[in-house]
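Next come the structures, one after another.
Both complexes shown next keep chain A, but they swap its partner, so chain B is in the first and chain C is in the second.
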Partner chain A sequence: MQKIIKILILFIFLFVIGIFYISLKRDTNYDTSSLINKITPEFKIISFDESNFYTRDDIKKNNYILINFWSSWCTPCRIEHPILMKLSQTKNLTMLGINFKDKNTQAIKFLSELGNPYDLLAKDKNGKQSVKFGVYGIPESILINKDLIIIQKFVGPLSFEDYNNIIKIIE
Partner chain B sequence: MKLNLFIFILIFFSQFTFAAEKTVDPNQIHKNLRCLVCQGQSISDSNSDFAQTIKLVVKDLIDEGKTEEEIYSFMSDKYGDWIVFRPEFNIQNSLLWILPYIVLIFGGFFIFSFLKKRR
Partner chain C sequence: MLSNLGNILLFLNVFLSLSIIYVANKNLKISGEINKNIYQLSLIQSTSIIICFFVLISAFIVSDFSLITVYQNSHSLKPLFYKVAGTWGNHEGSLLLWAIILSIFSFLFLIYNKNHPKKFRLLTLIVQNILILGFLFFILFNSNPFSSISPIPKEGLGLNPILQDPALAIHPPLLYIGFVGASIYFSAAIASLITNYSEKSFSHSIKGWVLFSWCFQTLGILVGSIWAYYELGWGGFWFWDPVENASLLPWFAMTALFHSLIVFEKRNLFYFWVIILCLITFILSVTGTFLVRSGILNSVHTFASDPSRGIYILIFLSLMIFGSIFLLFQKYKKENYDLNRNSKETFILVNNWFMMFYLITVLLGTIYPIFTDALTDSKISVGPPFYNSIIFPVVIIFLLFMAFGPKAKWIKNKFQNTRIYLLILASAVCLNLTIIFFFKSYSLLSNFIIISALFLIMSSLMDAAKALKRNKFDFARIISHTAFGFLVLFIGLNDIFSIEKDYNIKLGETKKFEDYSIQLQSLDLKNYKNYKAVIGKLEVKNINSNKTNILNPEIRIYEKPKTLTYEAAIKTSLIKDYYLTMSNIDRSDYYNIKFQKKPLMAWIWISVIMIVIGGFVRLFNNAKNN
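Now for the complex of A and B:
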């Protein structure tokens, strides 16, 4: 009986240590893995000029689509903008920009200052559409293929490494 | 006796009526969803931009007639299981759900055998 108690205490001790080890090592930040390889959710988002709506069917005209969530009040969006401008020159990629919780005048000013890299421009006034894409902050970008499968999700501003990565995928 | 039977039937069927009328409580859902941009706060506790958006989406989903479980499933689908304070049972978290019962059974067995031996 004494032996069983000792083994049991040792087991509980190792178990607690194990749980602490796994928990401390685990990245509790938002993980995009739940969206990768999934089909793009159905959406209906109003165009920036409010003249029409964009749906999934509108974005699958090219081999790859990059959906970028941005705003004029977001400083990291300014940082990634030159990369978006470079990506806009690639032929194999359609870029859908979703202006997130922004004022129209400020968004227009932002694009006239830094350039408009988007083939399609939409807006998400209250952020509800962005939840469909698992967005929790901006900037975020989602790379989708022709079959509307999400290939990659970029949380935060796109880096040059991300740029090279995207180019490698689409070419 | 007849009166007792009448009261029993009345209470029994009133339970069904309440069950049928039970609506999805958004506050309950907000409490069970984690604010991903906050430090240990639920959507209910937080006033962050993210929490405000999630509250709007939850309201829309309730208006569409989605159940509480369907709303949690939708959120898990978009943000992973981390967003739900009480994750659904799956292989990854099976130990979390099963372990308390295993501990309870072994603990009970241990106490029982310990007491038996003392007698």
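Now for the complex of A and C:
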């Protein structure tokens, strides 16, 4: 009996330390890749000019939709902007830009300088809406199809590879 | 220059530790007194590590940015006080503080335990020095505060402004004395196992250290809570944050330990249990450090994470754990406890069960997210509801035991005066009903908590009165136990009677609610040495009594690094605190204010201080008696 208890104690400690070790190797960043292939959560987000709200119904209108979270204060957003501009020329794709925790004047300045790639423009002043999409840093983009299924998530600025990827999917 | 000096001193310390281990080991085989050289080496060791720390402090004072640690955590514009406090406010510096406490405790234990067996003392010294070596290697090869950087930066990166606070400056040292202090009875326990030193007198060698570290651990936790209360701006003081939990885990073990030490000292029972508690207290301290520093848990505490640190501490931790287990298994002999169910021994054992229950609850809550993440890939976080719903109901029973336990007699007890206790219970219930009648009603659980807290307080006070008559007064226990009752009572009342209101308010506007009105009277912009502040002037008026209070919450804009912090304005009085935070709303004339009325806050702090005073009284009494 005593032996069993001893082995059990040893085993428990080994187990705990093993888990600690595994955890060390893991990326502790919050990861939302599990959202892929899931349906887009319901949302109601105010348009940039505060004239109306966008919901899931607004994004069902086209075959594909790319939701892009951006802000004027985010440098990587500037880097990915040319790619967004290029994507805006594709027909099959509606682009919804969500301005994240930004100042209106700054955001307008940003778009007038670099161009406006978005078909729909919304804003998320306090970042609460973005949480639903599992956004924890910007820029981040989410590709959704007509059935509201999340096809892909792009954390960080879109690259040319991502661009080709998106084009391949939607064509 | 300072970098070289620091490194030299660190290497000197490695050398000293090795020599102490060598000389002590040699001395073990010879009979007679402990070699005088060992005392000297140990003294030099403590002195040189302190000098080493002063070198680091002076690097912070003169803003020597050639040291990475200084560059990353300081700034030439920082007030002197925070430059100094910045020394231990970061990972590298705080490890040096670890090493200091390990060394000083090692020296003090050596000189203060002259009437214990030589072998036991030497082995404690050796084990402690192995721990010191482990930390020195960690400091030297992984987290060296004296690492230099070139080219030398002109300016430092600053310190997180939220950490620029007097309470937080003293919080780490207090806490470290607590849980690093636990190292000495870890070493003593190992030495005791190896040398089979299991007599009652073993308890004398560690009793003081346990109490001492417990007092500081409690103070450290208190100061941390006070800081959280006025700095984090949520109005709470305990958040069950993983780092807070990490400080609470050893505390439970220490509390269990010094209670069971009473039994061990008196009845020579529970030897192995005492040893196990000694071992797990320090193991929990290191586990806590691992969880916090390796970055596998996310928390409000901002220690930058680095996996290589984690690996090192984990190896250290594993060696400690498996070394202890191995030794314990070898030496373990089944003890037969022939305990009378109604005796002081049993009651103290009950205290230990409760402590273990709390310990396991908090430990599970803290590491559960790590397990689910590693095993099932799902991210969850265990929040206050878990702890509150498990811990609080159990507190009720715990308080009742706390009221009866200390009065029980050794070996065989018989409770007398049951009628008096029923009377006390009845008056506790009445008092509780009175509170409900005059103020407001609250949940059933809260009712029970208030009643049991009142019961403990009243019966402890009755004890005090009785003991005073007979002139046999156990100050320490009565103060601590009564204060604990008050602590639970005040936390309960505070929770029940807090008011919280949230408004958007414009300059000149007045908001009214219940018996209060709040007016935003003016806003001021002020420039300080290392930040700018928007200071609001708000008048809080109690409509019934016509009393007014002016509160000045601040929005601070720090430059290095660029951060916005919100400083709560707190008006403390003995009966209640007014707590007000203000934040700006972009592009609008409105400010968001959060007003809280928190009754009896000051008494929560005072209760904890009283608990600690009880600890110190016991400590001094013990010292006097020896």
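Of note:
To be clear about the criterion, the second predicted complex is superposed on the first by the 140 of 171 C-alpha atoms of A that agree within 3 Å, B and C clash if a C-alpha of one lies under 4 Å from a C-alpha of the other, contacts with A are read in each partner's own complex, and residues count from 1 in each chain.
To be clear about the criterion, contacts are C-beta pairs under 8 Å (C-beta built on N, C-alpha and C of every residue); 3 or more make two chains touch, one makes a residue touch a chain.
On a predicted model such as this, the values are computed, not experimentally measured, just so you know.
In the superposed model, A:85 makes contact with neither chain B nor chain C. By the touch criterion defined above, A:25 lies against chain C but remains apart from chain B after alignment on the C-alpha atoms of chain A. Judged by the touch definition given at the top, the superposed model places A:8 against chain B, while chain C stays out of reach. Once chain A of one complex is fitted onto chain A of the other, the partner contacts of A:134 are limited to chain B, with no touch recorded for chain C.
Using the contact criterion defined above for the overlaid structures, shared-chain residue A:125 touches chain C, although it does not reach chain B.
When both complexes are overlaid on chain A, the residue A:39 reaches neither chain B nor chain C. Legend: residue contacts after superposition of the two complexes on their common chain; A:104 is shown touching chain C, with no touch to chain B. Look at A:17: by the touch rule set out above, it reaches chain C but stays clear of chain B. Residues common to the contacts of chain A with chain B and with chain C across the two structures: 28, 30-31, 34. Residues of chain B touching chain A in their complex: 36-37, 49-50, 52-54, 56-57, 60, 76-82, 110, 113-114, 117. Within the complex, the chain C residues that touch chain A are 290, 294-296, 298, 305, 307, 310-311, 314, 317-318, 321-322, 325, 329, 334, 367, 370-371, 373-375, 377, 379, 586-587. Across the complex, chain B is touched by residues 1, 8, 28, 30-31, 33-35, 101, 126-128, 130-134, 136-137 of chain A.
The touching residues of chain A, when paired with chain C in their complex, are 2, 6, 9-10, 13, 16-17, 19-26, 28, 30-31, 34, 103-104, 125.
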